[in-house]
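Okay, here's the structure, questions in a sec.
Think of it as A, B, C and D in the order they're written, each chain with its own count starting at 1.
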Amino acid sequence: MSEIKSKYENFKQKAHIIIYGTNTVAGRLFDLILLGLILLSVVLVMLETVKGFDAKYHAYLVFFEWVITVFFTLEYILRIITIKKPINYVLSFYGIIDLIAILPMYLSFFITGTSVFAVIRALRLLRLFKILNHPQFNNQSTHLKESLIASRGKILIFMYFMLISTIIIGSVMYVVEGEASGFTSIPMGIYWAIVTLTTVGYGDISPVTPLGQFLASFVMIMGYGIIAVPTGIVSAEFAKNKPTVKESETKVCQNCGSHEHYVNAKFCQDCGHEL
Amino acid sequence: MSEIKSKYENFKQKAHIIIYGTNTVAGRLFDLILLGLILLSVVLVMLETVKGFDAKYHAYLVFFEWVITVFFTLEYILRIITIKKPINYVLSFYGIIDLIAILPMYLSFFITGTSVFAVIRALRLLRLFKILNHPQFNNQSTHLKESLIASRGKILIFMYFMLISTIIIGSVMYVVEGEASGFTSIPMGIYWAIVTLTTVGYGDISPVTPLGQFLASFVMIMGYGIIAVPTGIVSAEFAKNKPTVKESETKVCQNCGSHEHYVNAKFCQDCGHEL
Amino acid sequence: MSEIKSKYENFKQKAHIIIYGTNTVAGRLFDLILLGLILLSVVLVMLETVKGFDAKYHAYLVFFEWVITVFFTLEYILRIITIKKPINYVLSFYGIIDLIAILPMYLSFFITGTSVFAVIRALRLLRLFKILNHPQFNNQSTHLKESLIASRGKILIFMYFMLISTIIIGSVMYVVEGEASGFTSIPMGIYWAIVTLTTVGYGDISPVTPLGQFLASFVMIMGYGIIAVPTGIVSAEFAKNKPTVKESETKVCQNCGSHEHYVNAKFCQDCGHEL
Amino acid sequence: MSEIKSKYENFKQKAHIIIYGTNTVAGRLFDLILLGLILLSVVLVMLETVKGFDAKYHAYLVFFEWVITVFFTLEYILRIITIKKPINYVLSFYGIIDLIAILPMYLSFFITGTSVFAVIRALRLLRLFKILNHPQFNNQSTHLKESLIASRGKILIFMYFMLISTIIIGSVMYVVEGEASGFTSIPMGIYWAIVTLTTVGYGDISPVTPLGQFLASFVMIMGYGIIAVPTGIVSAEFAKNKPTVKESETKVCQNCGSHEHYVNAKFCQDCGHEL
């Protein structure tokens, strides 16, 4: 009896290494299969919404969707079984994502599904962000994250400034242009202000009165100019964080401690000592 | 009698600290309530312009608007009473904003208001810019401001160049495209030039003749290329101002407390004391 | 007789200083009046093309245009008289601009003018670029110019790359989308490619087939991504030219020659010597 | 007999220098003629697709196309003959391009050509990228390439993040907006997300529901903000690679000729010799 239990414990341990770890060959293979199935699953959800394709191949799409759902269900159960504190996983961000991504298929037995329902499965995609924590990408994405976090304060102030500006611009344009031009309310004016300031410019609403076009010109130039602000903030941050990152790529002299040698330097540039 | 006066004086002093100060708990709370009411007021103005919503809930909107107007009226009176030189406040930028933001509601008794009138209340929003002077944001926003001020000269020259360019491009396109394509006048051509150069591209006016499209291509590439100029100016300025900001990376003198020394500085630049 | 000649010589000399010079009060005033008249002239040309305005005030517009033309004619004659080698001025870029900007009004006696003809007067605007050579702006605009010239090589290569890319993209989209979507020829496809790559996006032509939209997505992402290239080039150039400019703002120690002190530093950070 | 062979060998050698080399006058001239003919050929392909032009001058276009095809056929044969291992050329990227660019004209005898077929000739354009390897441009384009390669890792992560984001945004907007607004499927939603995130903004599909416009506003601001990321990455990389480029600002060792020392280096990093 205890032998079965020990075998089960053994299986749990191995499964844990494969499912949660990334160091073994099996663990990496598992991650790759998972990645492939997530992508396949998302492609299936997409194709289901393309009317022409769905009409022809609906049966195939449903079949593959079931195969994937069963696999992810097994994975979900295994993740719960093989972890010490299952509640930690179940209530974690990815645990919730995993659950609500497999539910729609099972619920489709009871509720004749709306497309809204099926699309929830696409949330599975969020798991792909996990990959950025892999040691391989970690170095690069850490630098990216650090730079963005460091410039957070300035970017928030910039956003605050943008928000107030769009409300004021939207209100003014609502008054100037009026409903005839599509500026049917202040929120609509704000929507237009954002479309214009960000230089997207759909053209679904655009000023038609001379005064409106004159004001819009200023908004456009403002949008064109202030894109320099977030860009400048982030650029400066990237440039600033540079030395910290490249540290490993410069040689330090053992004799005088001078650093900042090129990686292929053979002698210290300050004392002439061999590196 | 003088007791009442002294009590009044006492009240004035306390009210002054709460209304104008930001150091006491009451002062901060007052600022937060103000912030909330300004946002609420702006949301009310917005919702009034949304036809469907206004039709249903007009009475509620008017009621809340009156509550807010009364509060801001009291605040306006308090600000005048509790300051030493009321004229300074009344004629200041924010004093005028405060006044013209409460007037529309009172004037609505006499004049059956146009929406233009009501929208003026949204100007209240400008007060939110004041927050950027709070010590909490001051550090970040000062750096932003300094960088923008430092690059002012170059940006003005850039704007001047842009202005002349848009007039010339607008005139040429007016001649090339003519009225059939929507280029009904030179100002319209300039409007198009700005829409295009800033890469907004509504598409309300766009060239249709081969020559016009050929010229427009150059304008687009020019717009795409010269966005590098303001971005480059601001980026360089942000990078330049860097040392002042990275407080933690500068050495502080133990003798005189002067900071802003380079990390490799050996002596204080203000008192000559060894660091 | 020689007295009249000497007086004329005297007048020529004075006029030369006023017209060509910028150091005297009269010279600067002359430049300011010129600036104002050029702007007024351009506004007149613009207003003439606005149908509604021109219909009402045509007589006034023509009158003012004649006043300006007479002034610029006098200026043109004076510039020729007061310069030593008139041919140099007449054949210079600005000499030609000056001439062809006054001609349309005189020619309007003989030829009943098309608007094309009148618009030529707007070329006068090009003279405004001259202002950037004024010593006041020279410092800033020189830095701008130098940075752009220094990055010329890289920008040309980038443009070459862009040009070939747009031709290839335009050809592919012509084949994929065909005439039904508005891609009526390869040049039209190239026009679309430029509109898309520069993120202008009028929407006058846009892909409608799934394959076309798929390819267009890549083109958009490419355009969004490669805007980083000119921006990066110019930013790096601005940052690179920085030291040359800021040199004057750092203090150098007289004792040990260490530089990089803040302008308000009082002691050398390397040897402690008073600055 | 062997004389003829030796003459042929001699011709092959000379032809090889002209066709493959860039150091002789003849070689450069050959490159220039090639460049001109490629451009002419591409212009011909373009003009053929312009209906109005093709209708008038079809015979001329075909004639010139044949002249060019014959020239490129000869060039192709010469390239095969004069190289030692012809298979290397034939199977190289440019070898394949050369072949498939001359085939359409010959195949037009047998197959009455669709325009798709003719457009293939425009691929010839890809050969123009070869020019960037010329020593004249090499310096600049190497720096560009190096910077882009160095920032490859961060840009890939950014692209990965963008890809997942667009799929999620596209799915959400498909559910929110539905088919009435043009969001007919998730791939269509993704297409819209890319059009919006890249700030292209055709306006062929744009949200019409208040919730959709609200969400779209976030997407636009996100797109406007994250353009700072690739720009920041590339800018920092350009600035970082700076020393390698500013040849004149680096010290060169008199002993071993090694360059790339920092300006304040005192000893050569390769041989230890005093600088």
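In this text, a contact is a pair of C-beta atoms (placed from the backbone, for glycine too) under 8 Å apart; a residue touches a chain by one contact, two chains touch by 3 or more.
On a predicted model such as this, the values are computed, not experimentally measured, just so you know.
Novice: If you apply the touch rule, which chains end up adjacent to both chain A and chain D?
Specialist: Intersection of chain A and chain D contact lists gives B, C.
Novice: If you list every residue number at the chain A and chain B contact, are more than half found on both copies (same) or fewer than half (different)?
Specialist: The interface of chain A with chain B is built from mostly unshared positions.
Novice: Using mean CA coordinates as chain centres, what's the chain A-chain B distance in Å?
Specialist: One centre to the other, that is 31 Å.
Novice: Round to the nearest whole Å and give the separation of the Cα centres of chain A and chain C.
Specialist: 42
Novice: Could you please state the distance in Å, as a whole number, between where the Cα atoms of chain B are centred and where those of chain D are centred?
Specialist: Taking the mean C-alpha position of each chain, the two centres sit 43 Å apart.
Novice: Give me the residues of chain C that touch two or more other chains.
Specialist: Residues 187, 190, 199-203, 227, 231, 233, 235, 239 of chain C each touch two or more of the other chains.
Novice: Can you check the complex and tell me which residues of chain B touch chain C?
Specialist: So the residues of chain B in touch with chain C come to 153-154, 157-158, 160-161, 164, 167-168, 171-172, 174-175, 184-187, 190, 196, 199-203, 206, 208, 210, 213-214, 216-217, 220-221, 223-225, 227-229, 231-233, 235-236, 239-240, 260-262, 264-272, 274-275.
Novice: Which bits of chain D are touching chain B when the two form their complex?
Specialist: For chain D paired with chain B, touching residues are 199-203, 231, 235, 239.
Novice: Touching chain A in the complex: which residues of chain B?
Specialist: 42, 45-46, 49-51, 115-116, 119, 122-123, 125-126, 128-129, 131-132, 137, 139-141, 143-144, 147-148, 155, 159, 162, 187-188, 190-191, 194-195, 197-204, 227, 230-231, 233-235, 237-239, 242, 246
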